[in-house]
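Following are the structures in question.
The two complexes that follow have chain A in common; it is paired with chain B in the first and with chain C in the second.
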Partner chain A sequence: MENVIHILFCLTLLYTVVTTRIKSYVSMLVLQGLLIACVMIFPFLKSLSIHILIIPLLTLLVKTILIPRFISRLIVNLDVPRVVETTLQPFNLLLLLVATVILMFIAAQLLSEYAPVPPIPLAAAFSTIITGIYLIIFRTALIIHVIGFLIIENGIFLLGTTVAAEMPTMVELGALLDIFVVVFLMGIAINRVRSTFSQIDVSALERLKD
Partner chain B sequence: MEFVNLILGLLSLLIILFTSPLFAGFINKQKAMLTGRMGPVIWQPYHDLRRLIRKESIYAESASFISRVAPVISFVTVAVAAMMIPIGYTIPLIHFKGDIVLFVYLLGLSRFFQILGAMDIGSSFEGMGAAREATFSVFAEPIYFFTLGSLAFVTGFTSFWDVFHNINLSNPSFIIFIIVCTISAFIMMITECSRMPVDDPNTHLELTMIHEVMILDNAGFDLFLYQYTATIKLMIYGSFLICFLNPFGLSNHALGYVIFAVLTVILSSVIAWVETMTSRFKMKNIPQYLLFAAAIGILNLLIYSFMK
Partner chain C sequence: MNALLFILVLPLLVSGLLFGIYPLRFKYILSLAVSIVHLLVTYLLMLGVLPVPESRWFIFDALSLWILLIVSHVYFWVVLISYEFLQRPAEGRMTLSRRLYFNLLNLYLFSASLAVISNHLGAYWVAVETTTLSLAPLIIFFRSPSSIEAMWKYLFIVSIGLAFAFIGIIFLTLSAYGGSLEGEDLFLTVFTQYGDQLNPVWLKAGFIFLFVGLSTKIGIAPMHPGDVDATSMAPGTVGALMAGSLRAVGLIGVLRIFQIMLHTPTAPFAKTILIIGGCLSLMIAMIFMFKTTSYKRLIAYSSVEHLGLIVIGIGTGGLALIGAMLHLFYNSLVKMALFLSAGLIHSHYQSSEVRAAVNVLNQLPRAGWLFLFSFFGVCAMPPFGLFFSEIRIFLGLIEMQRYILLGAILFFLLFVFIGSGRSVFRMLYSKPTSDIHDRPTEKTHLTHYVIIAILALLVLTGCCLPESVETIIRQIAVIFGDVS
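And now, the complex of A and B:
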């Protein structure tokens, strides 16, 4: 059953590299948050102790409600264009991602021979991290860089839930808080960039002079 | 028992041949109702086909014998492909090891002759449509092979009936395959039958048409054959998709037909809904849409290879 969720997670990744509309990125973030919360709730179903439930619920709150809301508001406030510009055609990026996913599956398979980790969740987590990096490299809008960062974070969460059977609760809470604060700060930074350069695009940052 | 199977196989062929215009009409009716119109009656495709069948074929002066044989070959190959699809619980008329490969190449042959027939006359619009059809089918074929190939791997059979017969929904790993395969098979159906996000069946601007532009110079009986082929193809792919979702464990023929009918109605609603909610893609975005579906299929194959 966990495998189903990881596969759905991979499908969201494929969609994020194909789409160019900014709203779909946000809805994919919501979906990914939901899937991560689902993955985290499985230990609770096995042991039924309440304190395991805190992390999934907080993840649900932060990743599906607070952060997407904040990003949507940022999009409205900054009037980001509805369609994102790309430096690489989505078709080519999709080919690249498929190649990467295949590579990650093979790597995860090799790793799982040495360590007791299931290959599919491991591969899903690795692919998520790399997708986030691709988004940051191949999209010019700064808001997509924030979203790419969040996708990398999602990948790390996924990795945490598969590799470490039980991450300390305090660490996870700290990570969640960190992510939220970072997104908040990035929002402020983008606001400043916009007020200085009147557009939020990396191409504007190339003309920096002193 | 052999005789009963033969009769039931014939029955499923007849179901595909005779209810396919109804399926298309039902989709059109629902589309019209979703956009707030009355729409034509659901029998409208039958009326259209009857009108066309009574007219004589007219050929252009530059047409060679290809134009004469192409519609017939296109129709016959699709009809033979229809014999391989199991409906309900019946054993299809043609089934042998590896018929999943024959199935897709029969449909490919049908398309090939349609393309030849379109290029035969020498109209530039039809040549353009033929080029598009060929390009998009190149991207659509991997979807089929990755999707059905992974299912064939999982079940260990290479015949439609055996593959679908061995899908066991109580096994959780099959649920992944069914979810993933259904998505990619749906996209494949949309493409192959030139439905909405890829091609608009109702458009009348030659520059944007794909399938319809190829049959501009056909009239009468030939047009009937092409249009009928298109509805049968829609029905075949629809049944193909339904086969994924059909719980084959039960060996009751009547129940199989009921489930088939219910799933067909649901599928037609889904198609109508998708066609209402989405707008057409730009031509240059279609390959990436198809690659997306193929990527889903590749993912499916990967899961199979790495799942213990």
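And now, the complex of A and C:
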């Protein structure tokens, strides 16, 4: 069952790289948050305790409600074009991503022989992290960079929950709060960039270099 | 009395409290009081007068006390001159940044202290992320397009870097699989004790991810651009804080995982990576010293150079490690002096270009001379402390018979000196352009005295190191195993 969720997660990645509509990025973020919360809930099904439930519920709150709503509002306020510009055609990026995912699955299979790690979650998590990096590299709008950062964070959450032993509750809470504040600050920064450069593209940010 | 109350709770409390206080003077006095208490408690902890708090979440060994001292020290000086800095007239200043200035500084003190003394790598990560959040809004203190760009880049690059560091932490957890540590929480003391039971493959992967991720924070190559942009665009005080203490906070994370690896067969691997990173930083710093046209960026690249040297010292071990630890302290002091004097020059010329700041020694004799002396300090001229720590690093390299590495470092340092000297002397001595006739009288601010005090401290601690400092440095060398 957990593996099904991870495969579904990989499918959302494929969709994020082919789409160019800004709204579908946000809906993919919501879907990914939902899937992560599902993965986190599994230990709860085995042993009932309120203590384990706090983190999945908060993750659900932050990742499917707070952050996507904040980004949607940002998109409306900034008047972002509905279709994002790309430097690499979506189809080519899709090919690249498919190749990467296949490579990740093979690598995870090989790695799992050395260490007792479940291969499918490992591959899914790493594919997610790399998808985030691809989005940052091949899309020029700053708002997509924020979404790429969030997708990297999603990948890390996936890696953390399924592969490693869980962190103490305080640490996980702190990490969630930090990520939310980072996105909030990035939103403020994009607002400033817009009001100063009157565009929200990376091409605006080319002053600082030697 | 628990020392944690003063180190962690007080700054956090004051940071929240300051939202309700409006007069800037009160905010300043309160923050200054916090910084003095923090510094005092840190000294007392270091001298062993105050009992060290016992908790499995916090670690108070020689290393964390030493870095805590650096953080506290830098913070004290920066807060001391902040009021005067905020009163200084400036174009396009953000009112919001000014209002939140002391709140964010207190939050920074809390998160930096937490990062330094936390015994859990997850908690360390959260604290380091919070230091980014507390300083990033201060980068856009002057509302210029460049500073907005710098803030965006810093926030983004550091966030991505810390995401990678988190992957490193997860790998570290993975490395415990199959051993007796499986399922244990990531307490450093436990991991260091049973380091030999960790899986070497995952340990190496974890080290690489942590080192590369945290190098956005430490500001060494190849992840230095965000740091260089941010420290050069931020106001002088924030730049001093970032160059002086934030880098040490990032470095302690790398030192901690290095400490875990020391007792495993992976230690040579970690040392090689550290030395490669350091050499790359020195090379990048050398190249950009010739390319850059802004004196603030010049100082930022000098940070890249010195942190690179420190990382090489850590990777070499032995006497070089002792030198590196001292160098960290001296570097934070001299960077403060440089950034503060550059800030004075900047607020007069309203530009950070070398070409715009002409004839500084005649226009601003006091700030100019202080800048010149700080420059001598950063080039490790003899009476200043950096000379003695660099000599120790070089002696350590000779002790380990790494002659080629030593030769490369000396080559890089020579050209760093030539490259930076070219710009600095042009700034200080260039002929005035015809349209500057009147000689503005330079007022002496508190900042001038603070810079003099810092430079004096640099010379004093360089010539005769206090007994307590020497003990603590020796203890750090014992932690890292190979004192000879």
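Just so we're on the same page, the second predicted complex is superposed on the first by the 206 of 210 C-alpha atoms of A that agree within 3 Å, B and C clash if a C-alpha of one lies under 4 Å from a C-alpha of the other, contacts with A are read in each partner's own complex, and residues count from 1 in each chain.
Everything that follows uses one rule, which is that a residue touches a chain if its C-beta (ideal position, glycine included) is under 8 Å from a C-beta of that chain, and two chains touch if they have at least 3 such contacts.
Keep in mind the model is a prediction, meaning the values are calculated, not measured.
Applying the stated contact rule after C-alpha superposition, one finds that A:A189 touches chain C and leaves chain B untouched. After overlaying the two complexes on the shared chain, residue contacts for A:I129 are found with chain C alone; chain B is out of touch. Applying the stated contact rule after C-alpha superposition, one finds that A:V171 touches chain C and leaves chain B untouched. In the superposed model, A:F149 lies in contact with chain C only, and not with chain B. Contact with chain C, but none with chain B, is seen for A:Y114 once the two complexes are overlaid on the shared chain. In the superposition on chain A, A:L95 makes contact with chain B only, not with chain C. By the document's definition of touching, of the two partners only chain C reaches A:V181; chain B does not.
Partner contacting the larger number of chain A residues, of chain B and chain C: C. Counting contacts by the rule stated earlier, no residue of chain A appears in both its interface with chain B and its interface with chain C. Put simply, chain A touches chain B in their complex at residues 1, 3-4, 7-8, 10-11, 14-15, 18, 89-91, 94-95, 97-98, 101-102, 105, 108-109, 119-120, 123.
The touching residues of chain C, when paired with chain A in their complex, are 120, 122-123, 125-126, 129-130, 132-133, 136-137, 140, 143, 145-146, 148-153, 155-156, 159-160, 163, 166-167, 170, 173-174, 177-178, 182-186, 199, 201-202, 229, 233, 288, 291-293, 297. The part of chain B that touches chain A in the complex is made up of residues 172-173, 175-176, 179-180, 183, 285, 287-289, 291-292, 295-296, 298-299, 302-303, 305-307.
Looking at the complex, you find that chain A touches chain C at residues 114-117, 129, 136, 142, 145, 149, 152-153, 156, 159-160, 163-165, 167-168, 170-172, 174-175, 178, 181-182, 185-186, 188-190, 192-193, 196-197, 204-205, 207-208, 210.
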